[in-house]
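Each in C-alpha cells, the structures are laid out below.
What follows is a pair of complexes built around chain A, which joins chain B in one and chain C in the other.
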Partner chain A sequence: MEIKQKKEKKEEIVRIYIMGREYKVPAGLTIMKAMEYAGYRFIRGCGCRGGFCGGCATVYRVKGDYKLRMALACQKTVEDGMYTSQIPFTPAEKPIYNLEELSPSVNVFLEYYPEIAKCVSCNTCTKACPQDLEVMDYVQAAIRGDIQEVAELSFDCIMCGLCAMRCPTEIVPYNVALLARRLYGKYVMPKAKHVEERIKEIESGKFDEEIRRLKETSMNNLKEMYEKREIEPE
Partner chain B sequence: MSKIKIVRGYPEYMRESIEAVEKTRDGRLKETFPHMSLEERDEILHKFHPDYKKEAKRPVKVGPNKGDLMPHEVADLLEAHPLIKPEDVDLSKADFDVDVLIIGGGGAGMTAALWANYSGVDAENILVVQKLRLGDSNSIMSQGGIQAADKSNDSPVLHYLDVIGGGHFTNDPKLARRLVLDAPLIIKWHEELGVMYDRETDGTMITIHGGGTCRKRMHSARDYTGLEIVRNLKDEVLNKNIPILEFTSAVELLTDEHKQVAGAVLYNMETQEYYVVKAKSTILTTGGFGRLHIQEFPTTNHYGATADGIVLAYRVGAKLRDLDAVQYHPTGAAYPEQIVGLLVTEKVRGLGAQPVNKNGEQFVYPREPRDVEASAIIRECYERNNGVETPTGMKGVWLDSPMIDILHGEGTIVKKLPAMLRQYKRFDIDMTQDPILVFPTLHFQNGGVIINENAETTVQGLLAAGEVTGGTHGKNRLMGNSILDYSVFGRIAGVTAAKRAKNAKIGKLTLNHVTKYEKMLKEADVTTDRKAPILLPEYRGEKVLSRALDIF
Partner chain C sequence: MIRLPYYPGCAVQTTARNYAISGIAVAEKLGVELVELPKWNCCGVFPSLATDDLMRHLAPIRNLIHVQEMNDSGVVQNENRVVTFCSMCFHTLKEASLFVKDEEKLGKINTFFEREKEFVGGVKQGYKGGIKALDFLEVLRDIIGYEKIAKEVKKPLKGLKVAPYYGCLVIRPREIGIDDPENPTILENILEALGAEIINNPNRTQCCGSYHTIDRKDIVAKLTYDNLIYPIRNGAEVVVTCCPLCTFNLDFRQKEARELHRDLKEIPVMYYTQLMAIAFELDKQFYGVDLELHHVDPRPLLKAKNLY
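Entry: the complex of A and B
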C-alpha cells in the first residue's frame, strides 16, 4: 500500500524582503520556510521549528505600515511586502544564584533584578510577546513580590527574548519570570507526599521480587499477564 | 490558483465533514471503541505500519551491525565517509582536557552534566557541546508528560508491564526495570529544581492516562511539560557554571591505544574551526533521527535531530539495536499546511478526544500504543478511504477536541492544553469548537546505541543516554517514557562518568578508527560520496541548490 501525502505546488507568489533583500516565495509558507526556500540555511535562528523553543524570534514590518511587529519565524506566515529580520540572540542579564539558598520572599526579584522597579507600565513587552502573555502584568506582580502571580501568568513563556529587546527600561521579563516559577515550584507549591512514599518503598526493595519474576517468566506468561492487566477506568 | 473560501480556519468544503463529527458526538461521548487484542495489534501493524514495508529498508553493509535491517536513510549515514581525514586534525595538543565530555545539550545532556557535578566532578571539568543553543532539543518540545508509578493504586511493576507490552516484548528488561524504578526519584528531583507539575491543592500530582498505560500515571505541566523541565535544567546548568559550547558539533569521536573512547573532534558551525577534546568519559546525548524524514514523512522533531550520535558511536565500534523501529506519532497536524507534521500531543486523547473519520465514526480505541494507533489511522485513510483530504492533497482523520471541554468542563482546554490551543489559534482554528485534522508523523527513534544499566555502551569510555540509545523501549516507546528515559539514564550516565573520572587513564589520542572505517567501506564495496554525520538537514529550495557555486 502506497502512502502518498502529496503536496501540489502552490502558484501564488508573494514578495518578501529578507533583511532588506527582495525574494519571491510561494504564499502560505512560514517566514522560516520562506527563508529556506529563498536559499538560506540556518545555523542560528532556528530551533524546534514548532513554537516551543523561542529560537527564531523575528521582527517584521509590512510595506505601507510603520509598525514593527514581532513573531516566531516558524509560526508566522509570510505576507506580501513583508520586511523581516531575525534576532537569534538576546544579550540579556541572567544572574547566577543558588536556588537552595534563596527563599520565596517579597524582595527576591528586586534583589536579583532591581531594574524591574523602573517599569513605566508602557506595555510594550506585552505587545511584543509572540505567546500573547500579559508580560507587563507579571512584571508588575514581580515588583509587588507576588511570586504565584508571576509564575502563573508567565508559565507559557518560551524565553524568545523579544520582551527584553523592546523594554525601554532594560528589564529582562523572561528571566524574572524564570526565577519566579522556580521559586514557586520549589518552595510554594505543596509537595507530593505520595512520591516521597513510593521512593521509600522502592528503596526498601518492595517491588524487586515481583519485577524479578516478570523478568524471568516465560514470554507466554508475560503476554497473558499483560493482556489481563486491569485498566484503570477514566 | 483559485482562492478557497475559508470558514473559521477551515476550507468551506471540510465543514460538511465537521458537521458529521458534531452529529455523532453525543453518541460517542457515551461509547468508546474497544481496544485490540495482541493478535489484532499484530495484524494491523504488519499490514499498515510503515516499519513493515520491506522496500523501505536494507541490511547495512559494514560495522558491528552488519546485516541488520535499517531504514535506507539510516543505512545511508552508516555507509558514508567521515567528515574529516585524520591528517587534517592536529591531535598532539588538546584544546580541552576534561573529565566528562557531553555531546548534546538537550534533556539527557543537561541531566548528565548536573548529576556528574552533583557526584563530585567540578564544573570546570565538564564540557557540554551543543549544535544549536543549550536546550534546543526534542526534550523542550515534549508536551504530554512523564510517566512515574507513584500513586497508591499503581506500582513500578505495572509500569514495567506497560513498558514491555507497549514495546511488543522486545525491550531490554534490565533497562526497563531501571526506567520504572527510578521514575519517582526523578519526579522528586524535578520538584526540588522547581518544576511546576500540575498538582491538586494538597500536592497530589494530577495524572492521566497515556496510550498503553493501565494506570493514570502521566504527570504534566499544562502541555508545556518538556519546556518547563528544560527551562529548569538550563537555568541550573547556567547557575552551576558548567562550560557550554553552543553552535558546535562533534564530528568524530577520538580513541586511544587502549581502544577506549578518549574525547572528540568538535567543529564550530559558525567559524568552521575545529577543536580537540580529551575526555575521561564521553557521554552521547545527541537525540534521534526525525530530521532524516524516513519514508518522506514529516516530523515533529527539532532542527538538529539528524542521527549524529549513532554515526559517531558506530565509527568507534559501538553496537546498535532496533534501528528498524521508527516511531510515527499517530497524531501529527495534517492541516493547516504551515504546521503539517507538528505534534498534536497525546494528552489531547488522554483527556478524552477520540479520532474519528470523515463520517464522524470512531474506528479505533483512542489510546492504543502509538504504532498501533498510527496504523489504524493509516488504514482509515488509505484502505478504507475514510480520510478528509486537505487542499494540498494530504489525508487525515479528525481528532474530536471539543469533547474535552464537554467531558471535563468548559475551560479545560484553555487550562490544560494552552500550547495546542495557541498553535491552532495562530491559524484561526478554535480547537475548543472544532475538531482538528491529524495524520501520523515521524516522531521518535525507538532504537539506538546499546547501553547497560550504567549507561555504558559496548565501547569503553563511551556512555549514552536518551533518544540516541536503544533497548529501553524495545520496538515501540509509550507516551511519557521519553522524558523519563532521558532523565533516568542521563542521571545514571552522569553518575557513572563521575566514578570513571577517579580512575580512568587516557592515552594518546588517535583517529585510527576513522582509517579503519574507511577501509571497511572499501572492502564492502561501498562507493558513495555521502558524508556523515550530516549535522543539519538541507531545506534550501531546489532552484537555489541547483545553481549554487562553491566558491566562497
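Entry: the complex of A and C
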C-alpha cells in the first residue's frame, strides 16, 4: 500500500539533485526545463533545445544505481532521485589544419590525431553517445584510414563531447569524425553536377533581373506571391 | 571451397594492401574462401605482457566474439578458426585466446562485455572460448598442403634467388609460434613448391626493429643492414617476408641503412603471397606490385626473370 502511494506521488513531482542540491520538480520535464523550473537560467550549455546542437551534454546518475549515464539535457526527462551535472564545454584537443592543403590519405587521421592508435576498443565512447552512434567503430575506421566509413558512421554526431570525456585513452572521437566528414565532402563524395551548373547560371547573372524585381516588391505583394507559389511535388 | 573467417587488420587494408590482395586471390585459387569478419577492430597490436592488464585484451577478444557472431548468423558453419595475414594480428589474437583460457580472467573480461548488451553498438555476447587464430602460412601448410600448391604452379620461379625472412611474431614464443622458433621451414617449403631457388639467410629469424621504426629509425636502419647484407652476399635477389611491419622495415628503411652503409645494394622485399600469385599466373592486379607500396620496386627484377 505504501509503495503504491509513493508511486502516485512520483507521477506528479520528482526529486532531483542539480549539482548536488535537492529540488522538487514536476515529472515529465526534460532536465533542461527542470533546471529552469528550479530557477537556473541558461546562458551557456543550451542552444537549439531540439537535440541538434550538442550544447547541453549532461552526466547523471540515479539514486541506488552505480551507473554513470550520459544524456542531452534538452532530450532526457527527469527521473526521481536523479543527480545531474552539466558539461557545457569539453576542453578537447583540436589541431588546426587547412583543408585545402590536406589530402584524403590513409594516414591523415593518424597524422592529426595520433592518439587514436591508443584505442583499446573498450567501447566506452559508444556507450556514452546520446545519439546512439557506433563511436568506437568509427575511431577504428579512422585508424585504418577509411574516410567514408568514418563519415557515414558519424553522420549524426552533434559534437556534444561526451565520448571524449569518457575515453580512457584520451581520444577525441568527435573531432576525428569532423575531419573525416570534411575530407569526405571535399575530396571523396562525388560532386553534384546540378549545383555547379546552377552556380554558373547565378554568376552569369541569369537571375539578377528577377532578384531586382523581388527586392522592389512590397511586403504585402511578397506575402501573396509566397502563398500562391508553386510547390514542387515530393 | 572451404570458407574461413578472415580478420584483415589495419596494415593489410592500407600500407600492406599488396599482401592481402595477393593472399586472398591465392587462397581462392587453392579452394579457400576468406570471409571477412562483418565487423572488426584493430587487433590490439602488441599483446600486453602484464597479467593484470585486462583492458589491453578487450580488442583482440572483441574480434574473437565477432567470429562467434559469424557462426550465429550462419555466415560460416561451426567454424572456430580465424585467419590473418599479418603476423602481428595473428600473434595478438592467438596470445589473447590463450590468455583467457584462465577462467578467472575470462570472467572479468566478459563482465566488461556483458554491460554492452544494453547499448546500441555493443556486442551482445561474451567470449565463449575456443576460437583459434591461424596465420595464413598455417592454412597453406596444414589445410592446403605443399603438394597442392606445387600443382597450381603455372610459371615456376626458376632461377629466382629468394631469401626467406620470418622475423619474430609467427615463430616466437613457442606457445604461439607456428613453426620451429630457431629453424622454421614453412616459407622455404612454399618457395620450393613455387620452383624458386632458396638462398640461405642466417638472419631470417632476427628482429626487424619493430615499432622503433617510428621513434628510433637509427636502430632499425642498423638492423635492416644486418638483416639484408647476409642474404645479399649469399646471392639473394629478393627477400621474402610474411609480416607487414618486417616488410616495412626491411624495404623502406633501406634508405636510412644505405646512408649508414654505402656498400648496401638495394634489394626488393616481397610477400610470399605475391610470389605465389606470380607463379600461379593469376591476373596481374593480384601481384600487388603496381600499387606504389614498395620502396624498392620489384618490377625490374621480375621483368628480367620473365615473371612480369
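We take it that the second predicted complex is superposed on the first by the 189 of 234 C-alpha atoms of A that agree within 3 Å, B and C clash if a C-alpha of one lies under 4 Å from a C-alpha of the other, contacts with A are read in each partner's own complex, and residues count from 1 in each chain.
Convention: a residue touches a chain if its C-beta (ideal position, glycine included) is under 8 Å from a C-beta of that chain, and two chains touch if they have at least 3 such contacts.
Predicted model only: the values in this text are computed from it and were never measured.
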item	value
Partner chain(s) touched by A:I143 [first = chain B, second = chain C, both, neither]	second
Chain A residues touched - chain C or chain B, whichever exceeds	B
Partner chain in contact with A:K186 - chain B first, chain C second, else both or neither	first
Partner chain(s) touched by A:D65 [first = chain B, second = chain C, both, neither]	neither
Touched partner set for A:E101, first chain B, second chain C, both or neither	neither
Touching partner for A:T126 - first (chain B), second (chain C), both, neither	second
Set intersection of chain A contacts, chain C complex versus chain B complex	132
Chain C-touching residues of chain A, taken from the complex the two chains share	106-107, 117, 119-123, 126-127, 129, 132-137, 140, 143-146, 168
Complex contact set, residues of chain C against chain A	10, 13-15, 39-42, 44-45, 55-56, 58-59, 62, 112, 115-116, 119-123
Of all residues in chain B, those that touch chain A in their complex	1, 37-38, 47-48, 50, 132-133, 135-138, 140-141, 148-153, 155-158, 160-162, 164-165, 169, 173-174, 177, 180-181, 184-185, 187-188, 191-197, 199, 201-205, 209, 214-216, 221-222, 224, 226-228, 231-232, 235-236, 238-239, 241, 247, 269-270, 295, 298, 300, 302-303, 334, 337-339, 342-343, 352, 378, 382-383, 392-395, 418-419, 422-423, 426-427, 439, 536, 538-541, 544-545, 548
Touching residues (chain side chain A, partner chain B) in the complex	1-3, 5-8, 10-12, 28-30, 33, 36-44, 46-53, 55, 75-77, 94, 96-99, 131-132, 151, 155-156, 158-159, 178, 181-186, 189-196, 198-199, 202, 207, 210-211, 214-215, 219, 222-223, 225-227, 229-232, 234
